[in-house]
Amino acid sequence: MGAQRNHQNCAVGLYGVPYDGTTSFRPGTRFGPSAIREVSNGLETYCPQLELDLEEIQYADFGSLQISNGAPEPVINVVKEATTQIVNLGLKPLLLGGEHSITSGAIVAMTEIYSDLILIQLDAHADLRDSWLGNKHSHACTMRRCLEVLPSNKLFQLAIRSGTRQEFEELNTTKRLISFKSGHEATSFEQALAPHLGQPIYITIDLDWFDPSILPGTGTPEPGGFLWNDFAAIVDVIKKHNLVGGDIVELSPHWDSTGNSSLLAAKVTRSLIMLLS
Amino acid sequence: MGAQRNHQNCAVGLYGVPYDGTTSFRPGTRFGPSAIREVSNGLETYCPQLELDLEEIQYADFGSLQISNGAPEPVINVVKEATTQIVNLGLKPLLLGGEHSITSGAIVAMTEIYSDLILIQLDAHADLRDSWLGNKHSHACTMRRCLEVLPSNKLFQLAIRSGTRQEFEELNTTKRLISFKSGHEATSFEQALAPHLGQPIYITIDLDWFDPSILPGTGTPEPGGFLWNDFAAIVDVIKKHNLVGGDIVELSPHWDSTGNSSLLAAKVTRSLIMLLS
Amino acid sequence: MGAQRNHQNCAVGLYGVPYDGTTSFRPGTRFGPSAIREVSNGLETYCPQLELDLEEIQYADFGSLQISNGAPEPVINVVKEATTQIVNLGLKPLLLGGEHSITSGAIVAMTEIYSDLILIQLDAHADLRDSWLGNKHSHACTMRRCLEVLPSNKLFQLAIRSGTRQEFEELNTTKRLISFKSGHEATSFEQALAPHLGQPIYITIDLDWFDPSILPGTGTPEPGGFLWNDFAAIVDVIKKHNLVGGDIVELSPHWDSTGNSSLLAAKVTRSLIMLLS
Amino acid sequence: MGAQRNHQNCAVGLYGVPYDGTTSFRPGTRFGPSAIREVSNGLETYCPQLELDLEEIQYADFGSLQISNGAPEPVINVVKEATTQIVNLGLKPLLLGGEHSITSGAIVAMTEIYSDLILIQLDAHADLRDSWLGNKHSHACTMRRCLEVLPSNKLFQLAIRSGTRQEFEELNTTKRLISFKSGHEATSFEQALAPHLGQPIYITIDLDWFDPSILPGTGTPEPGGFLWNDFAAIVDVIKKHNLVGGDIVELSPHWDSTGNSSLLAAKVTRSLIMLLS
Amino acid sequence: MGAQRNHQNCAVGLYGVPYDGTTSFRPGTRFGPSAIREVSNGLETYCPQLELDLEEIQYADFGSLQISNGAPEPVINVVKEATTQIVNLGLKPLLLGGEHSITSGAIVAMTEIYSDLILIQLDAHADLRDSWLGNKHSHACTMRRCLEVLPSNKLFQLAIRSGTRQEFEELNTTKRLISFKSGHEATSFEQALAPHLGQPIYITIDLDWFDPSILPGTGTPEPGGFLWNDFAAIVDVIKKHNLVGGDIVELSPHWDSTGNSSLLAAKVTRSLIMLLS
Amino acid sequence: MGAQRNHQNCAVGLYGVPYDGTTSFRPGTRFGPSAIREVSNGLETYCPQLELDLEEIQYADFGSLQISNGAPEPVINVVKEATTQIVNLGLKPLLLGGEHSITSGAIVAMTEIYSDLILIQLDAHADLRDSWLGNKHSHACTMRRCLEVLPSNKLFQLAIRSGTRQEFEELNTTKRLISFKSGHEATSFEQALAPHLGQPIYITIDLDWFDPSILPGTGTPEPGGFLWNDFAAIVDVIKKHNLVGGDIVELSPHWDSTGNSSLLAAKVTRSLIMLLS
């Protein structure tokens, strides 16, 4: 994608976390970061929506963390440290997963730096279980872990469409669930964010928020998701706000032999680099 | 999916019909029932649309019929008998195909039990040919066979988008074709069903009604189909009515290496179990 | 598809150009023409939108040109000659690609015959680069080559969604970019064509105009494309106009193991044969 | 492959039988004939083993029979008639399947013409069951059906490696099982055929005789099969004998995404055309 | 495969361990046990090599362990306990993996029961690393872990073809490496086992011992492996010995779209059930 | 693979040529170099056959040439120059293709440097056509082009198994065809090379020399090829000779969804780096 080798003068710091150790259904998100990098030369560097060109943007790609699959705790700790280091270098962090469990490492780091951090979650699943088969750091529990360091009203969960009865009751009671009808508009989302203009925002994008038709390459696909133009409407809202970090997780490229899931993820990455710069 | 082994106290009786003997274009629907069962653990048991949980519903899975591929007549007879037995046990039948030709066996059984049965067909194709390459029980003829036991005005064919000139003339003349514009509403369908509140309804879902982008795994895919939210709008209409049976046919899982076709079929199955219970 | 062997009394002349020599990202469009022919028997011959049946239409399939892959210039010349010959036989030409670079051969031939030719481009990409890696006949340059024989205001580029900053500036300055919001209507397009009623129109359909979800089998897929009903809206506009030729390019069938990309291309081909006859 | 359109002066008559109606495990042999024809241009026409060139051989390809899937009896009858007609035209028949059940139709025809016909079977399975799930014409029963018109000592079953205990007892008792160790020699086979020099021989090649590594595209693959050089050794034996017909069955191309199964089948077809001419 | 539900009177106890948490290269062995069970109906129950029929053998399938992916230690402990329980029920254990790390759990259990246990390893890799990326229970370390409870001269490592320089030096120094030239004979192996007639033997089969051509579906395939007939030669040696347990690991079915890897694994399973009964 | 970034002190210089412009049957060798690099971390760095470790060898990877697909002549010229430059740096060149046509560029360069160069060709095809569809630089003509700068008796064509009658007559007349029976020995090859001890040798490995079962990912696969142990026997011969350069061409990774073709190519690359160092 034409990232800089030297992080001086850069605004964004990208790094990959090829971890899929707790994945419950179909593994393979470890291949996410390399797949995004590999297909990125199939995309133009210019984005007509944001009218920006990657070649005019300074960002650094730090490569992928060297981690052992297996237990999640060490990985989440490494993510926390890496995120802190990148912010300390004056860069806004952008993680490429790997599975969703790694987000909690980034959020622990970011809330230490930004006490008023707002977290936006694009996801098919609520991820609010307290544990899964005895594992508290499963990717099905990542938002529960984030809520241990983040106030409930700082989390916006956008158009979640799958979860347990208990999870949906919590989503509705806490008013964290932001509705979103597909169709090029994002009014509810815009209104929900409006009071928070200028506050630091982190966005976690579980790619299974997209419909399986445009992103089949993910571990737990869920019918009834969103299309590209829906994401473009989200981008139009966020570009007015103060985005300070983000992650793009759950790309499992080998489940999609067309390669298009990776291409979509690369285009999402292009948008986020531009929103962060 | 957590079905009961014992059918006592159950409301729904599921069974598979792994038959694809007359399939004209691409075979493989014989693998449909096992594929739906296999991927079903990738779905939550809770449905936020219907606010029901499969774990709170009593339904029985009778497994798949042991049939020989080859001629269709013996298979259709076995389906007729199995359907009758399940109703006699006090259960509402739900068939997992297999190809569409098996529906006529179920409809013969159901019209013997419910003289005022209404049949709703979700399908890309009219299936109204009288015979196909000399075969009267081809899956291209299944609605013609159903109309031998069902009055023409009891059949509602929803948004058929492929057929011969003759089939479309019949669809329009008889007013059996219900129009449906995609986009989260089903007004015409709601109005068509309104006069029949409380009457016994059977729904046959040929999965090629869905767009090939979300369900590539079928024998005769047809561009221009429907998305999940369109199906959800249908579900919102049917939930007010008296559904007494149904089938989900034409899943051919091996044509979709992502596994998402089977997952969509499993989610449709989850909806139908809930609508029947 | 039931084409005639003899071109007498035919209105349309189809031929394939299995060339993919300059393809930059993923090769394979050479297999496009044979894939379209192979799957075409999975479609009905009747089109309910246009209320026409292929079996009632006279058209000829001249097979595929025998060409060597390698340099593009000889291929473009052969396409120019073949197009001229078909028009001289009294037929309207319909090319099946192959990559997009071949279009410039057809347009050179058509503008020699029709001095007031209008060109409509359905495409994800602007294709307006002057050269690509030193190659002036790359498929990324095909519209630039067409503009050497066609006045700028005779080209309508429909809903291009990918290009360089320079290309988008040109698209906007020249007003050649016709906007199109998905959703079953094509008002802007209808208005743009209105002043040209009766004039000869050629349509070039780069299949990557469609969304990768319904057409993954192409060389440079681009997220955010169009669905079948969007194309149907285009067809409703064009059917009132004087279409004199067209091409369907960039089908790369092996990148889509479901076969559905080829099926969609075959359905587009069915529409174009009908619009041309 | 460069077959003649006109059968005059031809020695061999090829035709396809795209039938897979009784296939028990994985369907798809209906696509066998078209797959062989499609990939055949990836092979040279010259065979260095036999030192013959297809371009110097006169043979006719009659295309594929138009049949309805479903019950096997009508198909087997059509095969019998087609085989007889081809012999009556002075040609040696070569069938491309389709599933193995069709062989019995050809053998009934051939034994009526050649009362001393010898049948050689290359196969992983014995195919000696009397019926399968009630079906006497299943592909698991095809040799049993052949033995109704052929004396037991006229059948040579080469290196069968899968069957029931009963089938293996019959194979051993009747001495119909010819052993064959892989490794470029076919001594036992040569000795078994030696007394029959000059007698009319028909060969049925169930492609699952080959190892699944070189021919994964078949319905019931069986580990432990043979490689190309083993087949070449068989060819070296047969070329001294009087081959009067043959078939190549059970290619199911869609189970092998590499296309190599079809290519191997095409090379076997090339050998058989040469052995028959 | 026709296993008994009730373990009374059974000789063999089968269970699956769907764990792939430490897999370094390509994950997916978690799907191994279900894939073997699913394809097993594509095989005959009779084995002509051993002249035994699965239908005449009493064995029990205990299903698959419910485990969380993530850290390996808890899984290895569960395997140890399950193995002990099965032996206590009077059955010989047969594990279906899952990755190779689970073997150490079984060997700890088996050496507690059989103090003179002999371990035979079929594998492409030595698996003798002490740790991998800091993980001592990685599947690259499983033989090192086994050697903590097993004397060095009780381990026979058959035809290892991949490892570090250090691993090969240890293999040669300790004389644990048994050479094996492919080609239907296993003389060195026979001689190595000869002194141990009657002693309890456990066999661990890492399926990547086979050549990638016949078993592509594994996590770390290594060119230059063995074919089915080589395995058959091993079986001929072992059948004279006292096999008391075994495992079949590293099947990763999704990397082989033909399904043949699973079929081969099922045939290996059939052989082992027979050798154990 | 752990190549050095700095070429000082290196013995071998690797570079990729992602060109497939003249490929006649199935394109995609442009992806060869990146596929080999990507999978190389699935292999150990130690080779037990040669008892060498890549980590102890100094070699440089210069990445892949930036070339435009299209006409072959410019690419062949660039290869000639790159090869010359690498030799001038004191390195032995190792090319990763790309299609076979690029070899002629390397051979022109190498014969200018080594007037007594010997060329060994491992290939399924003779590649001796003078032109193909009018193209003299097609990959079907590459050996003909090499013979324009190389004396006929300096070329050894190993076990060619496909070609025209004319090509085989030339192979036999000139005695350039070296026979090779699979089975771990290479006597004829050893004898043919014996008189040339110490002379500079270049080896061109068209990967379709291997059997399609172990290398399905190539453009024109040909049944009846060789296995890994056959290649190992070749390596045992060459290691006594003076290898000064080589290429590994015709890997087309996308035709093999298992990834094993790329892995085999990477293992061949590992062997050649060791033979050259």
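Which chain is which? They are A, B, C, D, E and F, in the order written, and residues in each are numbered from 1.
Methods note: a residue touches a chain if its C-beta (ideal position, glycine included) is under 8 Å from a C-beta of that chain, and two chains touch if they have at least 3 such contacts.
Nothing here was measured: the structure is a model prediction, and the numbers come from that model.
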item	value
Chain pair among A-E, B-C or C-F whose interface repeats that of A-C, sharing over half of the contact pairs by residue number	B-C
Fraction-based call for chain C against chain B, same above half, different below	different
Distance from chain E to chain C - Cα centre to Cα centre, in angstrom	56
Inter-centroid spacing, chain D versus chain B (mean Cα positions, whole Å)	40
Distance between the centres, which are taken as Cα means, of chain F and chain D, whole angstrom	38
Chain D, residues touching no fewer than two other chains	211, 213-214, 257
Complex contact set, residues of chain C against chain F	20-24, 27-28, 30, 66-72, 132-135, 137-138, 254
Partner chain B, residues of chain A touching it in the complex	25-26, 125, 161-165, 168, 181-182, 211-214, 216-217, 220-224, 255-257
Touching residues (chain side chain F, partner chain E) in the complex	41-44, 46, 48, 51, 53, 184, 211, 213-214, 227-229, 232, 257-260, 263-264, 267
